[in-house]
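In what follows, structures are represented as structure tokens.
Here come two complexes built around subunit A, the first alongside subunit B, the second alongside subunit C.
This part shows the complex of A and B:
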């Protein structure tokens, strides 16, 4: 460097400035190895100042390129995942069995044996059901004059003795009447807790078991003919298989296939398809259907999902596979094996709705009106029979119902077909089919019979589509599923965030995670109290917030700005400069040491010369 | 004066239509096709589909005909008005006319143009616009989402449309238009292209044309901004200019220089026939429009033919005259009510498609019998835009306007008064990388530089901001009628672009969005005798609504930027 190369040149001038002082020692003074003056500290000081200012500046630089990470509650997320993963979410349930006409049985013994049977049926507790540790069972033996209760019969669901006589529950003709009657008797003592009741009446005759629209069932008839054990088994089965599990058989739709979007919303999109409007044009009065038939269902399903409804009428929408004429049925037959080709995605513009948010679930319900060329159109089951409903579902997609116009009569040979409206009765039938399909999509049974190990049970249908105990089942299952999904989503988010230490995390994500955890906590506390609706609502919230946090646009788009990236960005700025500064400081230091050594050498020499 | 008179009468006519159509509460759909022989041996086909939905307050939100997607779009973004157009080619104002309802509302800039008025508070307009662009992009398979960036759209104040409050305007001049945009557009029609007039839209035929513009316009009164609630109206138009294939017969010459125009039929220009109407349409009509210029030429021909002044009225009613012949007798002949000059007027031949079916398809033929040369009505000014300067620095953009020959006398009708003035507005959006220096604005009147303040009545400029917003210029100019030409020039520099801001194939250069020149005092409209049956045709009633004359200048200045 320039400064260093100058120094040897300086030396002679320095020497010449001091000619007389060192006249005597000129001979032994070697300018290459010694100097007479003390080396100055100025140059060293300057370079070191620059170096130190660099060192002092580096914390500022690091601070300025620091990325913002909102603190996430990793510990809470882990504890949530652990608790959800280790033990399934179980709800407290309250059961009540009432025996009328069993005068010589002991309530306590009956309680023990029913509990025993129930334990046998719930060997592996599934998430969203009742745990055997925190359910209560009260057994009442009503003998008309007085009641015998088992020990833990609590006052909150006390059965009013003698409320029903042996023949109050009618002979089987009027189930709805019995249901309402029992509802009025049992409803009064229910309180805020949901109590599932089974009333067993022993009075001879055929045994008949019915599950009502509310939270009770009744078994009437000569039940004792099969022995008391059969009665107990039947009561326990009604409790566990129907009230707790929703009467689902094995292999039906599981929790992962819940047709609810990640944001807790469902859009029901109803489509009326006129295959060929030149034959006939049918419209519908959807406004009325929406108000009368759908509104109560949507309200009933409110805790489980936020449902909205939309409709459209499409024309020129043929199905994409052919049907054949069958003389036997005097109609066109479409067999089940062709069903995958029924939906014509080219011509059926069942668009994704704009009104639906990004993660909502859309369920399509299609009424297909065949053209005159293929009318009447019937769907054939694999066993050769004709489908009663003339409809089919596709899980997670929706359902299709074929509606044949009455008589399949074309409006003469006119070029201008008149506009018809599907009659309210026909439309109601179609929507009853859709309701059954919706129940199936939700994983419930669409028919009104439950065939258990100990006999067949009739299930009464509600005008709202879903009975109260079914809604309880759905709420419990959705709570469980949402909580599991929320825990896994938050768990993945926390793993992702921890694995990328330089990823930017916005405050909004932190907030969403916090709220999601709070909602999950609320869900758990509500669940432990047995408030099904509220826990379903808060679990939905927890899941939707967790999904929002995970799919936050800032996470998706940010390039993760790894350390390598950071180094690559800043090294072109700082590396060339810092190299020079470091080198300069080092060389200055070396020079100073050298010069001092020279001075010391001269001093030594001078001392020797002086002495 | 005359223009104002025209306007008043038209308003009266229109208001009577409006009150008549107010009372019904039913969804409506209608389809129409207008065919017009053009002066340069081409044929204009203008498809018009209209869907109407009654207001939600009284009708509910379930529809029979109105497309669900657009209803939800209007509801979600609270759209008061919206227009989206996809265009290929440029409208030739000189030859295809610049002063009639079709050119003033259907001549659109090349590529995609979108404007929308929202019924939301001012601070939410931009957010609504951004969401709307993304939704439309998905709906129409086009890159409309590029209009989301604040460098791509602008908020004109008065230069684009009068009284535009929360209006946003954006255009993509480079967007290619093809079938993938037409198919979703057709999906909004109840019959799509399975039945009715839309079956004519044979893709190779309509994309072979010289001009192709598909347009969608929504207007709603859903959000209580107006007293009259009429619901949502959706207008879909497709305007194509096609060249009929010349047969050997057309090549024979009649006189020394005039060549017979090529005869055409629906099947020869589209390759298809109409096999019946869309059964869901309230009306399904085809019109053949004969222009005023052509009509007057034919009249001369007729007079020569007959030797004596034959009855004008009977002549105009005929569809088989010395000039041309229509292969099918029209159901009705509609004549424009001409207020100013009684000699000739536009004639429309109406065909009802109801009577045709699969076995008996509708195939209208138009046969020329004698070579006729005529000209189309012109806008008062003919505009062109070009670039000046060279290199990467100191370019200039110039908009030049030349007075056209007064074609129908209207434009000089005001000369009775001494102060005959012609007003027009210029609206120009410039992308930020073309840095326009607005202080260098110069006005040349008849080739001589003039003071800017003498001619510009009003001007609103929002300068561009690098990578943030485009430059917007709105100007209202007033010129004496005697002026022959006006040129506006502005200097600009080219900005530097980051490597990822270049469009694909940057060597082609950049397209500057079209300028919109509108004439607030001129209204293009047609007038027909007040007749109830006429009001059933949405297309003709659209023609009766006076529209501001709008012209577009869209040359492609290619700016090669480094």
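This part shows the complex of A and C:
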């Protein structure tokens, strides 16, 4: 390089020498500073051609080593995350309060005061509940002869005036009868919308509040003795705490009470464990449970999860915690602080399911039959009492119920104990415990009482395991949970994909993301219309598709190759060659300029000589 | 050449616009990782032996010893992922066929009954290991080979083999780099696959493997610092090779004294390592872990203690005089229900996704199905075009943004590469010039 840079500097001195040698004219022609012929363009042209073909070729190269990335709708994902994160998903809810025997009260005023009470109870909106701007409340005061309604009572909320007179409400304490009657009266006018109703009957006597299996509650008795404010507070509490929040303290669900797999499926695995089959062997008629008792439950939970059932009987499965003999109870006792060690995971081979896919959730339900040397086995609570159910759950895992064989009588000392079958009555009881556990795993309570601030309310149980209003609560909460989970999963995916610009993204992922977003959108539109079931279903789809996209096996950081890698692979091919090509072109251009200068210098000289 | 200049230009741009679009991303990731207070509900263990060949007997013995320990302390087999690179038990050189010992007294056969190896032999690869951690498996992979942890899980990750500065060798053919590990852990955190994670590594220079970890909730312990070796404990002259590593040996010695009811804390475990006995310095990385080690029982990671809640009451459905009638009615209903379910299952809403992974829910009330159909079709019609446009716009921006982001992250590496190239430049130029001088001849030189 040095030689090139020096030559132009030298030239002026040479040129300065030229004039005094000019008289020698052509004879002292210096071949180093001038030339007679015009420099040729051929060499320059060739090198430039090579250089330009390099430039022209580079787009083709880049195109050929390009990595296929299915376009993901990043903007939609961001907007979904933003909207889910900024405002909790709230549903429209419809409430109806019917007052019978309150002839002196104005429906409009009652409506205002109930709304006021409800607002006090919902301080900040929780995801999956009702928004206070979006609910409607209609109040009807039924005086027997006619009805007075508040202003926004719509025609769909019609309560047939005087209907209550046809039935002796709560007279004989036959709550189921009342429930069915109210169901028939209110259900007929419910229509498409889901309306939560509270019927208040003022008739004297003891106050009794019951929440039915459907979407209504009734309060009967001398309610006015405590004043109208207490009545209003009670109605509002029933609406907010029971119908909206499901009788729980907080409205939203924690992760540990969301026992639905990422693909929206649950496998209920029922296990009968014979701790020591040399003592006794019990079997069960599981087919009967499945067909008669479980099927309606599974159907009822359909919108929330896709549930399948399997069962097995295991032998030689001792528990791994200890129990001791207690004279007072005349039985073996294990206490609640031993419960964490009860499940003997090395001997209990519960997770044998082949039906459960990779991301399904398996909930184990275990009936533990103790051996003869620890029978009867009872669970003692911290307060010294004996558990009624003899059962416990572990969140996200399942539940265990200890069932003691009747009488704990060991068979005769024969080596082959007879096989027994758990009697249908016992099985029914065990199943009721299982139902309680399933509800517990879903975060619902099973005791038939709700103790609120304004009094105790009886909750009626449904033979489907979950009442209508509880299913509504579950649908709403699961919709919310699924939507949030879908948004965070897609958000993670988009961050991941953006952080790896050289990663291949298959079309399948793009499709899954697109459908997931569509399902999420559908969820929101269904939710805004107040269709709980459909929104739960579509939210489940959205979540499962988002999970599928996130966990797609093609996304692996070791199996794509990064930009550094690409650079390292191609630079040995092109870098040395391109250096030469570029430098050659540069040199040729310099040479051409230099030679042209020489030619011009000679021409000048020739001109001087000629003159 | 062109690519090189383009590259330089990008680098300059990146240096100029470092903080343009990265703040928002960083912010959102931090918000996603802030975990809600979830209950600790289950325990998982991933135990990996990464080396092959007979002379690495001790690594397999290490792993199997840990396997035995966590199983004894209550982690069930279905929650242990055991990866063993080579099958020492059936090695032709094994004097005790089908047995593996971790002590020369041969009291304890580690390869006794019920050893469930999930990944064996050539299946133990970096890819499979990362798949286990991140959960990205092919559909056909069975549940037993998956780490199905959730946000309430405590995971123990134990690895042993031959390592070096920021890497761990897998079977003498691959390496797991500290970046890979940190990336996998980050992804696990992002997807809430663990509540707390304990990484325990018994290799040479084990501490270096943790240097890139940034995810909260991770506790790491390594057998040796940077520049230190991790030594084997003793040689079994019968078997002919060393049978256990020092770090693992003393870990096991600690756990031998424990049963699942014990309340020994992690700090007592960490305190039990004596550098003189280990002949290396055990290293703990605790800055990412929130809880105080004195309060964390070792059974939180090495055992499985279930969180239990007493079932207060059974759920008694109304049963009385008309219970029989109800049952008959129900069974009738139920048969109808079954039929309905079947028909619904067969009609998938989204047949368009020809993908076996996607499971479309099957039990839906009929009217909601109609609604779904309706909404999908109308949203398609309405928003199809708008969406596409948005996508394209968004994509350009995003590509640019991600490029900047990515390039910024690899800045250090690039500067290195660049300096190398800058050094290469004059070299190439010089050789070029010399060559030219020789060929063209010394016309100019005569002047000089």
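The rule is simple: the second predicted complex is superposed on the first by the 565 of 611 C-alpha atoms of A that agree within 3 Å, B and C clash if a C-alpha of one lies under 4 Å from a C-alpha of the other, contacts with A are read in each partner's own complex, and residues count from 1 in each chain.
The criterion applied here is as follows: a residue touches a chain if its C-beta (ideal position, glycine included) is under 8 Å from a C-beta of that chain, and two chains touch if they have at least 3 such contacts.
Note that the structure is predicted; figures quoted are calculated from it, not measured.
Q: Applying the document's definition of touching, compare subunit B and subunit C: which contacts more of subunit A?
A: Counting residues of subunit A touched by each partner, the higher count goes to C.
Q: For A:351, decide between first (touching subunit B), second (touching subunit C), both and neither.
A: Both partners, subunit B and subunit C.
Q: After lining up the shared chain so the two structures overlap, which partner does A:417 touch, if you call subunit B first and subunit C second: first, second, both or neither?
A: first
Q: Would you check which partner chain A:88 touches, where first means subunit B only, second means subunit C only, and both and neither mean what they say?
A: neither
Q: With the two complexes superposed on chain A, say which partner A:277 touches: subunit B (first), subunit C (second), both, or neither.
A: first
Q: Applying the document's definition of touch, where does A:310 land relative to subunit B and subunit C: first, second, both, or neither?
A: The first partner, subunit B, only.
Q: If we overlay the two complexes on their shared chain A, which of subunit B and subunit C does A:286 touch? Say first, second, both or neither.
A: first
Q: Who does A:522 touch here: subunit B (first), subunit C (second), both, or neither?
A: Once the two structures are laid over each other on A, A:522 reaches subunit C alone.
Q: Identify the residues of subunit A that lie in both the subunit B contact region and the subunit C contact region.
A: 351, 353
Q: Touching subunit A in the complex: which residues of subunit B?
A: Those residues of subunit B that touch subunit A are 60-65, 67-69, 72-73, 75-76, 135, 139, 187, 190-192, 194-195, 276, 279-280, 354, 357.
Q: Touching subunit B in the complex: which residues of subunit A?
A: Spelled out, the residues of subunit A in touch with subunit B are 277-278, 281, 283, 286-287, 290, 310-316, 349, 351, 353-355, 415-417.
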